[in-house]
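Chain naming follows the written order as A, B, C and D, and within any one chain the residues start at number 1.
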Amino acid sequence: MNGKYRILLPVLSLTVLLAAVFYLQPRAMSYFGLNLLFNLAVPIALATIAQMMIIMVNDIDLSVGTFVSFVACVTATFLNDAPLVGAAILLASILAYAAIGALIHIRQLPAIVVTLGMSFVWGGLAVLLLPSPGGAAPTWIRTVMTVKPPLVPMAVVACILIAGLTHLLIMRSSTGTLLRAVGGNAQAVARSGWSVTKLKAGSYALAGFFGVLAGICLVGLTTSADANIALRYTLLSIAGVILGGGEFTGGRVSPVGAVLGALTLALAGSFLSFMRLSPDWQIGAQGAILILVLAVRLIFSRRSRKWKGAENG
Amino acid sequence: VADTADKRIALSNNYAGNSWRQAMLESWAKVGDKAVEDGLVASADAFTTSENQATEQAAQIQNMILQGYDAIVVNAASPTALNGAIKEACDAGITVVSFDGIVTEPCAWRIAVDFKEMGRQQVEYLAGRLPDGGNLLEIRGLAGVFVDDEIHAGIEQGVTEFPKFKIVGSVHGDWAQDVAQKAVAGVLPSLPEIVGVVTQGGDGYGAAQAIKAAGRDMPIIVMGNRQDEMKWWAEARDENGYETLSLSIAPGVGTLAFWVAQQVLDGAEVPKDLTVPFLKVTQETLDETLAATPAGSVANVEYSQEDAKSVISAAN
Amino acid sequence: MEVATGAGRPKPDVPLVALSGACVHFGAVRALDGVSLTVSPGECVGLMGHNGAGKSTAVNVINGGLTPTDGQVHYGHEDGRKGTGAARARACGIRSVFQELSLCPNLSVLENLRVPHRDLTGFGWRKSAAGRIAGALDEIFPGHRIEPGMIVGDLTLAERQMVEIAAGFAGGPTPPRLVILDEPTSSLDASIARQLLEHVRRFCAKGGAVIFISHMLGEVFEVASRIDVMKDGKIIASRPASEFTQQGLIDAMGHVANEKAAARAAVESSQRIGEEVLKTPEGLSARKGEIVGLAGLAGHGQAEALARFFMSRSGKLTRVKDPEAAFVAGDRGRDGVMPLWSILRNLTLTHLPSLTRRGLVDRIAEQALGADWKKRIGIRTDNLGNLILSLSGGNQQKVLFARALASSAPIVVMDDPMRGVDVGTKQEAYDMIRTEAASGRTFLWYSTETDEVCQCDRVFVFRNGQISAELTGDGITEENILAASFQMQGAGA
Amino acid sequence: MDNSRLSTVLAIPRRPWFWAFAASAIAYFATLSLTEGRGGGELLSAALTFASFSAIVGLGQMFVITLGPGNVDLSIPATMTLAGTLSLKFMDGAANLILPGLAVALAVGIGAGTFNYLLIRLLRIPPIIATLSASFLYQSLAIWWNRGLRIKPPEALADFSTGAIAGLPNLTIIGVLIALLSWVVLERSIFGRWVSAFGQNTRAARLSGIPVETVRAVTYIASAVLAAFTGYLLASFSGGAALNMGTEYLLISIAVVVIGGCSIAGGNSNVPGIWGGALLMFLVVSMLNSYGFGAGVRLIMTGAIIIGIVAAASGKGRPT
């Protein structure tokens, strides 16, 4: 897919889905409605950005979901009761992410395995922290997540901010360019004397950072946590990156697309709710709508398929 | 015609992947459809999320707010993680009734089963059967989930009460026969003689299979309410006089929640916390219960509007 | 373009880089076996040698990418300091353009400059990057159509090569003083290659130095002030270019190559060519036993036409045992090599279905096939069980060649297959193609070398994705091909 | 002669599958040390039995993962459930329908595999998402078909799946046979070459004349068929199909492939390692349960072991 058109797909699918939702449920077309539709998409968008940081360097992170759950547990316990300890734990977990990135590169390990292993580790830590659901959101994050800005609801403002800032960071800054270069041709980066290990550690740390933000935001919305709270984010975040025009290899990612992808996925669920299907088929319909939304990619890739597409690949 | 004829009630369900939940959905549909037919409510729609996830369910509840339901009946993925969404629903003037997986948000009603007591009674029953006590194997549910923690706490309490018992092994069976079977098979070889197995339901048959495969003497396995567990029990009884007890929550409790919601909408004075007894099947009632349970399903009790009224008045 | 000038410039007799007795061993392979070499400002050193002679390895030692197992590398810093290592090499203005392209296809042209140009940071870095790369492109390849904002993946192979060369010469805080070009013209067509050669001459005239590696004798003679010949990891001759003749150079490299005049069909083409065996919608056609060339400027649709044809005639399960067509890739890494496999497995891949009984591979027959082709095409390895990536670029290319020729396909599609193949091997390959054609095989041959195209029986010249001319017999001349490549372009502009 | 035998022995720890088996052995003896060696036979037999399920689905997953980056089959659990549900309902306990029931299960596998492939091929959906989405459909189909009722397998089938020949569980024999077959296919057959080539460089594979689309289709179908077969066996073994019966096999199937030393980047796979990984996944959990660790510690240790093994087995310079 050509870079220029990459962003069209997520924009289009979000628009179509939003139109369908507004048609089915006109009440959604309001300040209140938009916030309800999208506020739970904010942590998903952050988790998707985290996943994107990893996919950007040709790896994949199967531990995003349990990591966000772990962060949520820390937020609802330590960050609330002893903010300094909580912050230190979260900082350490970002460093752990960086260390994993470095380990993966130095030992040439498959990221999918290491992150699969880490998903057990984060999950175990979360269960140790909160064997039973509970804890409480720190008030400041509760305030942030329920703030009511004028004109546009919090959820929309937050998504625009996330998309804009990560776009600057990844697509425009010189450091972001270097990180994407690692995904495009790590050997070339190494030949120019950069430490690919440090760069990979850097993008993993960024992933950890956005994972932490996702967990904190999530607790801000749900008011408490449990060890399994965000398991689904792993697959949602992968789907979001792809839906947003990203590719698994080659450092081709789009932060704006990733945020739009996350919003689209969140909206797909609402769309189904508003359809009122028989319970037997509700689960299947979620699969069907994922398929449908992704199939739209076809329209865009048809154009550049065959030799041309491969030639440019 | 009641005052609730134009009211719409929705069921928010977080999981449909086992026979208990399927029975729950079926009871809901049966009772709900009938209520709509009778003109008692305008609609009783059921919604299920694809995976057992609080975040997904929170979004689902937010959608229900948008759809303008008058009451939401919820079996929650987490007692606390939905509180944000539930609060929003209450603020929008919606009645929220939780059951089975209850929520802690104060604005919602809770129809709770005393899971802790359910755990404690298992040990109590074993103490009655085995005055000398002995070693127990505990099969737990899904780690990190409220129900698992509660039943486990009850069992611990029971063991403190009856100190002749000792829990020598504990595994997670995730409320699934095949998972329980695998976990028990793995831990059994390193365990000493076991006299009893305390469970959470949905795992008794798997435990029995694993113990049989290991060639051990069959301990007293406290059963849940799945038909295969009870059928195995009946067969063992016929063969060698096997005796045990089944403790569980009936999936039909969802219908009780439905009626409670209807009553709240109707303006009835309903306390926020209601308790329902758990379903108990004994040696005596086994055949009767088994006969009433379809093959492969779950022992069940459905509730009527009258039942709901009497539960409410008992609590008042 | 800034080139080191003025006060800081070392005296011409202070070498930019000096290797003395450098050795590099990869296991048992002695890739470099005591190489001593110096490059001084103003020099253009032509580095020649057969495939696997150690040229690329020498490059990697010079730019600090490889530390020699024995011997020394010294850099002459502008202020006279000396030192070793990759960082020092960069600080001394040593730049490399690698044989295997090293751009990031996902980044734009200007973003790619960020990788080698480490100083590009902070606000406005994009602007200065765009300025640097556009300046270098304009200076080296006037008339190019590359924008700094274009995504590299969307460029043609030739354009990518141009970007990489431009990045090598682009100015910056440490201007280039020695630029190493490892087979820079292998995917450029003649006119662009000419622009490069001219630039190299200008660059050296202004006091820069270049190491120019190529298998094209003509090019080397055109630019090199000195020619070093490598053989089996040693420099066996190092003399001013003027003291070599073409034949003398070939002899020095150790090849007994036939004179080009003898190249023309051993078997008279009229005897060998039979009925038409292929015709494509865009107008390509070929007959049995015919060698059909695809010519024109790089990136004008030749590769696409070949691929379309090949894709339409292959990939069916029912025909794997007797394929209609076989493919020889030019872009090895992308289109040819299976990087985790041995040489043998890479070689037999296309023919393998015919070595299969009831789904199981006959491994003895496979070994035999491999041994046969190793001999026929002279793959420089002691063991076909070695990984393909342990071979030099040119030797990998030979394996891909053998992969296609070993199959029974009556049509062989070649996508610039001689890229990076040394002179001697090329001659052997030409012979082989002619022999195979004589026995009835048809070749579709895209090449960026006019010499090669001129050996064909019929030539289709491409321009803007279409066939602009069909040349046959005596009509196949360099002039006609160039005319057809440019003709309409001139009219259109 | 002696020397070469010695070097063969010395090379064993460098085999990618070595660490999985070594770690399994450690877990096994660590468990038995609790009982001074009693119960060793029981534990081994349980491990062999339950590892069979993981090994069979793991082999299918291995074929898919070998296809290269992005290829993974997330529909394995749902396919297991659907095949188990449909075939058990079809047999409805009748002994004479055991083989037709097997055919039903395998047909479900072929159907699911084909559907997965078509999503990937026709709609160009990345496999990871295509198979996940498809799995929701299969799950719904299973719910709709019999609403999660647990129907008992025919007696003879239940006996067979829990039985043993000469002490070796029948399931293990089946699992080992499938592994042998997979080994032959991957190492000796042309299809194995093609899968490996596909995984290393799909484009180059296509250009070498390999029918890549056939290869991909067959691979995804094979994975689904193996999952369906496992669903049939598991449902028979555990007394009926349950809607959630495949859940744990999602992570397990991937874990055994990677623990077993299969290069996740594709193009390289390792059959014995699958069995090593399958045994390990069972024995580790058993060991941690036996030592009485809670769920949290157990999860952390499982993760640490996975990472440890991969770091030990597949570091730089691993033989290919």
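Simple rule for what comes next: a contact is a pair of C-beta atoms (placed from the backbone, for glycine too) under 8 Å apart; a residue touches a chain by one contact, two chains touch by 3 or more.
None of the values given here were measured: they were computed from a predicted structure.
Steps from chain B to chain D, minimised over paths through touching chains, total 1.
The most distant chain from chain D, with centres taken as the mean of CA atoms, is C. With centres defined as mean CA coordinates, chain D is found 45 Å away from chain C. Averaged C-alpha coordinates put the centre of chain A at 29 Å from the centre of chain D. For the pair chain B and chain C, the distance between mean C-alpha positions equals 71 Å. Shared interface positions of chain B, i.e. residues touching 2 or more other chains, are given as 16, 50, 143-144. For chain C, residues that reach two or more other chains under the stated contact definition are 311.
For chain D, the set of residues touching two or more other chains reads 136, 139, 143, 147, 203, 263, 295-296, 299. Pairwise chain contacts present here: A-B, A-C, A-D, B-D, C-D [touch as defined].
Those residues of chain C that touch chain D in the shared complex are 310-311, 314-317, 320, 323, 325-327, 329, 334-341, 345, 349-350, 352-353, 356, 359-361, 363, 387, 403, 407, 409. Within the complex, the chain D residues that touch chain B are 31-32, 34-35, 38-40, 42-43, 46-47, 49-50, 136, 139, 143, 146-152, 162, 234, 237-240, 242-245, 247-248, 282-283, 285-286, 289-290, 292, 295-296, 299.
Contact residues of chain A toward chain C in the complex are 2-3, 172, 174-175, 177-178, 180-181, 183-185, 187-189, 191-194, 250-252, 306-308, 310-313. Interface residues of chain A facing chain B in the complex, by the touch rule stated above, are 25, 27-28, 33, 36-37, 39-40, 43-44, 126-127, 130-135, 218, 221-233, 266, 269-270, 273-274, 276, 279, 282-283, 286-287.
Those residues of chain C whose C-beta lies close enough to touch chain A in the complex are 65, 86-87, 90, 96, 98, 102-107, 111-112, 114-116, 118, 120-122, 125-126, 151, 153-154, 303-304, 307-308, 311.
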